[in-house]
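Quick one: the structure is below, questions incoming.
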Amino acid sequence: MDAILLQILNGLDKGSAYALIALGLTLIFGTLGVVNFAHGALFMIGAFCAVTVQRLLNLSFEVVDPDKTDFLGQPLKVKTPYVEAWFGPEMGGAIIDWAVPLAILFAIPIMIGVGYVMERGLIKHFYKRPHADQILVTFGLAIVLQEVVKYFYGANPIQTPAPESLNGIVNLGAVIGMDIVYPVWRVVYFLFSVVIIGGIFSFLQFTTFGMVVRAGMADRETVGLLGINIDRRFTIMFGIAAAVAGLAGVMYTPINSPNYHMGMDFLVLSFVVVVVGGMGSLPGAVLAGFMLGVLESFASMNEIKSIIPGIDQIIIYVVAIIILLTRPRGLMGRKGVMED
Amino acid sequence: MFGLEKRDTSMLIIVAVLTMFAPFILNPFPAGSALAQFNAGYPDLMQRFVIFGIFAIGFNILFGLTGYLSFGHAAFLGVGSYSAVWMFKLLSMNVIPAIILSVIVAGLFSLLIGFVSLRRSGIYFSILTLAFAQMSFNLAYSVLTPITNGETGLQLTLNDPRVLGVSATADGSIPVTNLFGMEMRSTFELAVGPWAFQFNAGYYLCAVILLLAFYLSIRIFRSPFGMMLRAVKSNQQRMNYTGLNTRPYTLAAFVISGMYAGLAGGLMASMDPLAGAERMQWTASGEVVLMTILGGAGTLIGPVLGAGFIKYFENIFSKINDGVLHSWFSFMPDGLENAMVTLIHPFVGKGWHLTLGILFMLVVIFLPGGLVEGGQRIRKWAKNKRSGGETPTGKTEPAE
Amino acid sequence: MTNTVSRRGVLQRGAIAGAGVALPTIFTASSAAAYTNEPTGGTVTLGFNVPQTGAYADEGADELRAYELAVEHLNGGGDGGMMNTFSSKALQGNGILGKKVNFVTGDTQTKSDAARASAKSMIEKDGAVMITGGSSSGVAIAVQGLCQEAGVIFMAGLTHSNDTTGKDKKANGFRHFFNGYMSAAALAPVLKNLYGTDRTAYHLTADYTWGWTQEESIAAATEAMGWNTVNKVRTPLAATDFSSYIAPVLNSGADVLVLNHYGGNMVNSLTNAVQFGLREKVVNGKNFEIVVPLYSRLMAKGAGENVKGIHGSTNWHWTLQDEGSKAFVKSFGTKYGFPPSQAAHTVYCQTMLYADAAQRAGTFNPCGIAEALEGYEFDGLGNGKTLYRADDHQCFKDVLVVRGKENPTSEFDLLEVVEVTPRAQVEYAPDHPMFAGGQLGSCNSGA
Amino acid sequence: MGILEVKNVGKRFGGLQALGDVNLSVKENTVHAIIGPNGAGKSTLLNCLVGKLIPDTGSVMFDGQSVLGRAPYEINQMGISRVFQTPEIFGDLTVLENMLIPCFAKRDGAFELNVLPSVLGQKDVLEKAEHMLEEMNMADKRHMHAAAMSRGDKRRLEIGMCLSQEPRLLLLDEPTAGMARADTNNTIDLLKQISDERDITIAIIEHDMHVVFSLADRITVLAQGTPLVEDDPQNIRGNPKVREAYLGESA
């Protein structure tokens, strides 16, 4: 029983990442009608915002310590981060320790800026172009972005730990008298994604801005006829979608050390998630994200794998095929969106 | 000629000339010169050009004509390769049965996947094909290892039970692939001064098959069937209300392009008898999509150009290292030389992906019709120049 | 028409055919060369085929650095590195057989297809007489097969699967790196001392051939000393989040987790395992332990804090204090500013061994070189006395058991050597079942 | 017995009864108009006839054969062609190609793997398409991209495409909707000419009374999903029930 609960937790956690990426992807599909193959790269850039903050906080000055030697036998240069020098080792150490949460503050403006520049500088010119062209140009952009990151940070994964106090495990089952230990940061990640998803939905639901955007998703021309500048709002939506992907990336870094191609790893899966959820449906994307995450976790249980060997390799694709064949437009897709 | 219109005939002849003289055309720089790095006229790369050309031509029959964007075509190429290698292992080292089997198996496989996937259209179709291909890849890499030899790829061994032929040659090697005794790897070399041109038997087999494949694709483009496929892309609703059943049309296009992919896979295995699972990965499927769009989807020659373009960068640019750069700029003063090397360094060698990404973007931004449109613009420009800068005729020619 | 892919190197040709020849000279390769890519000018070209894109790009970059260093040393540049400590003194620092060493580089992309394409272009276009490099077993085996067919020598880079010198061994292929069996044989006694004989192990294994051979080796070795294997779970190569594979470990009754992963997989699975508190867990009254049989410093860096106190094995480590290792670290560190990785070390050794064999054989003919390498025993390359066994072209040498360091003094000082398992303990018969099923075949010179 | 017999057809969408109990009989070689206010169920009825929708109850017989459960292309091959409210043509193809496709469909049926022969080699089909273009006065536009034509021309082309299939029943869905008066009159003339010169039955759904009374031999008035009355045009004009339900509100 607790094994199943544990896998549900794992699934929700994986699903959080899928859902956050898919949410942004759907927003861009829905509002701009653009197939954005660079969306995974935005997730990756977010993760590298965290790496950058960690590096910045660790910027150090060097003092030569004549008593110690480095690997070549020369005097060792001892590094002390400026932050520690300024705030004292305790306070400074704590700031460095909290690099990942701090990176959120750093990532929001960066990601909105990246999204804005991407949309105004490139995507804008591709609204009326065929989807094939959009795929080619955004794929090219994704390659360029990840190669640039690789140039500066290398190809190896870079460890970016969570703050010490959030790094342990917590017994979630204590309340119901069961023993379900789970990493604290993963709980944080799940809650974080719930907050972000909730935030996006209430933003779209309860603000006039959101209402206009939703109306624009349904019928762009009519909204345009009302004299509302829908394009500008869509640009802002693109920035928000980029920020959501970026934040998902920032928070993901302690779970798995980021590397430059993590965006591509998530790209295909998030496309599957979006399509299974149904084109143009935000709740569909979120639902599909969590559903596929949970199913993927179940499929990796030994009990299941012993019945169908290798099922964990293909579960996502099997589920995608079954859903698309039984529900023509995915879980909650709207008619006529990206069907031709 | 050959039942083709004049324009198509001349295009076929141009392609024939280009492929037959490729060993010369692709080797413009004398060996040993600084630019020899850019020579592409060696057998392996020439084979890849034409094989991926065939793959892209086939993909274009589906995507270019019907607009159905398959993201899983690499699976058919992979299946073709596996069938061919199994044929080498079990039957004979002759490439003909291997290629025939790979086309048949890929055709059957694409019939199955197409039948299911074509129940949906648009992006739903794309994701279905992607899902099937990724399943094939993941299984080939792991669970199906007894058939596919997993990570390493299926290869020949010294104890293959070859029915027609020997398991190992007299000197203890694995026999090589051949066409009725003519070895695919045999290469004839022509040295003219500092130039060295290589004529490889395998390449010429591939080239002849490419010409046949290209010819067949012209016929398909110009046939009523091809017109129906373009009509599917244009307006399915009207098709249905004109008494035409679109499903068999799209399925036939899907299977034909799957068989082209299988042919490419079979040829690949015939040139180099190894079938790796990565051939079926989504990145490989994505590659043929990129080739087609980059060259010009829906045009006859575009996909071949796109295939050549990408393979050239993959194989030539990835091999330029700092040593090569230094040798290029060694005539400059040291400081300038180092500056140039530093400047170019990120774009070559391990940075070849970056260059490719940038070129994707540039092509699609400035040449919406792909490389073919670039060619047309140059031709138009040249024509204008020749005719003394007269105003261009307003008539736009359909992209071919 | 000839029967071979033999041809002469483009770069070499430049030296001899500089002046224009008026009439076409038509010749076939077999009449001109005795073996594939016989160097005729003043230079010889080696092909360095390493991953430059994809997950192993950093490891590939480190290999390339070592190759460049080796070439520099062979051509008489730098401080000579391990050439000075190498037991064979055949190399003079004037290239190989008096020919200056040139090299070409390529990108394997860690894909069999791409790696073969890249190796082929080196052979067909650049006239390389030897191909070396790689960072995964799939690529090594694929390229080894190609080199066998083409008639050039393949000096494997980082490849740890038993198959490379087991069922997929080839007469033209040679491996300096150790393998899964050796890791297991070296680790088992250490694990026994540390954790006792009453342990229950749970394996997580990357679901492809390398993972399987390592899993098989480790399970066999640990079971032989009394451990019990409770489960062997295969994880998809593409997996990034291993939480759903780690979770079942918690209640499986296992008290040791063996991670048969490498690269990004290893970084992630280890990170996830530590996240789930496995390190602090007590099962069956014993502390829960994690073992990573194949360690690399680059991976350890990616996993950061999580490697502390975790045991594994490695082919070589820069903190070794023998003369060869010290010389290599010094000359690598001086040139690049940081110590070399085990991948860098193995490819440097392979280049030296190839050059030395050619020098001793007096020819670049692959068959001559193979003969010179087979059964060759040497020392001074950082691993103690080492034997290139003739039966399977596998090097036999001491294996290092390492542990993630608790208090690293620098970003490179992540592992510490716990034990140097002597060569005798990791040796096995050539027909050992884990290596059976293949034949070397006969050497192919391409003639 | 009419060529098209609709009996007791009903269709519900959730809680909405779109068609109640429709009976309709279209006589061969007549022009039969179906009129009714918005939401009367005209389009639903049409979709039931061409296979886009399957009615919940009742039967639809064309020339003695049931069309129910058949796909649109099968119904088309039986001899029913449909003209849409907004012209549905192959925008990416040339005008000539647009005309060729129905000609091929007529000759080769719903599917033919005609992979090798060239289109230009199919003289019979080419001739027929060219002839049809001339008849539609569009021969000069034959190499134009269809999407680039005016709406009136598109409508003409669509009707021509349908006629080239030699259908026995031509269904038109508000063929003049959104057209300027001149274009509307041209279309009326064209349809008149077709009905006079050919052996064809026309069923037309129309809003525009001018069009209806210019063309129709017989009119069915639909209101709230059921036929109110079916009669000759002059009788419809004077029918008080129709006036009340339909004309009254628009007059």
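As written, the chains take the letters A, B, C and D, and residue 1 is the first residue of each chain.
Simple rule for what comes next: a contact is a pair of C-beta atoms (placed from the backbone, for glycine too) under 8 Å apart; a residue touches a chain by one contact, two chains touch by 3 or more.
All values derive from a computational prediction rather than experimental measurement.
Chain centres defined as mean CA positions place B nearest to the mean of all protein CA atoms.
If you average the CA atoms of chain C and of chain D, the two centres end up 74 Å from each other. If you average the CA atoms of chain B and of chain D, the two centres end up 46 Å from each other. Centroids built from CA atoms put chain C at 33 Å from chain B. Remark: chain A and chain D have CA centroids separated by 52 Å (rounded to whole angstrom). Looking at chain D, one finds that none of its residues touch two or more other chains. Touching two or more other chains at once are residues 310, 313 of chain A.
Looking at chain C, residues 53, 57, 61, 207, 234, 236, 238 sit in touch with two or more other chains. Under the contact rule defined at the top, the touching pairs of chains are A-B, A-C, B-C, B-D. Interface residues of chain A facing chain C in the complex, by the touch rule stated above, are 2-3, 6-7, 10-11, 13-14, 17, 68, 70-72, 76, 150, 154-159, 161, 167-169, 181-183, 185-186, 255-257, 259, 261-262, 265, 296-297, 300-302, 305, 310, 312-313. Chain B contributes residues 30-33, 36, 39, 42-45, 48, 138, 141-143, 145, 149-153, 155-159, 168, 171-174, 176, 182-183, 185-194, 196, 198, 201, 272, 274, 276, 278-279, 314-315, 318-319, 321, 323, 349-350, 352-353 to its touches with chain C in the complex.
In the complex of the two chains, the chain C residues touching chain B come out as 1-5, 7-8, 10-11, 13-15, 17-18, 20-22, 24-29, 52-53, 57, 60-61, 64, 103-107, 111-114, 116-118, 120-121, 124-125, 136-138, 141-142, 145-146, 148-149, 163, 168, 171, 207-210, 234, 236-238, 438-439, 441-442, 444. Every residue of chain B that touches chain D in the complex is listed here, in rising order: 3-5, 219-220, 222-228, 230-231, 233-235, 237-246, 248-249, 252, 256. Residues of chain A touching chain B in their complex: 35, 122, 125, 129, 131-133, 135-137, 139-144, 147-148, 151, 268, 271-272, 275-276, 279, 309-310, 313-314, 316-318, 320-321, 324-325, 328-330, 338-340.
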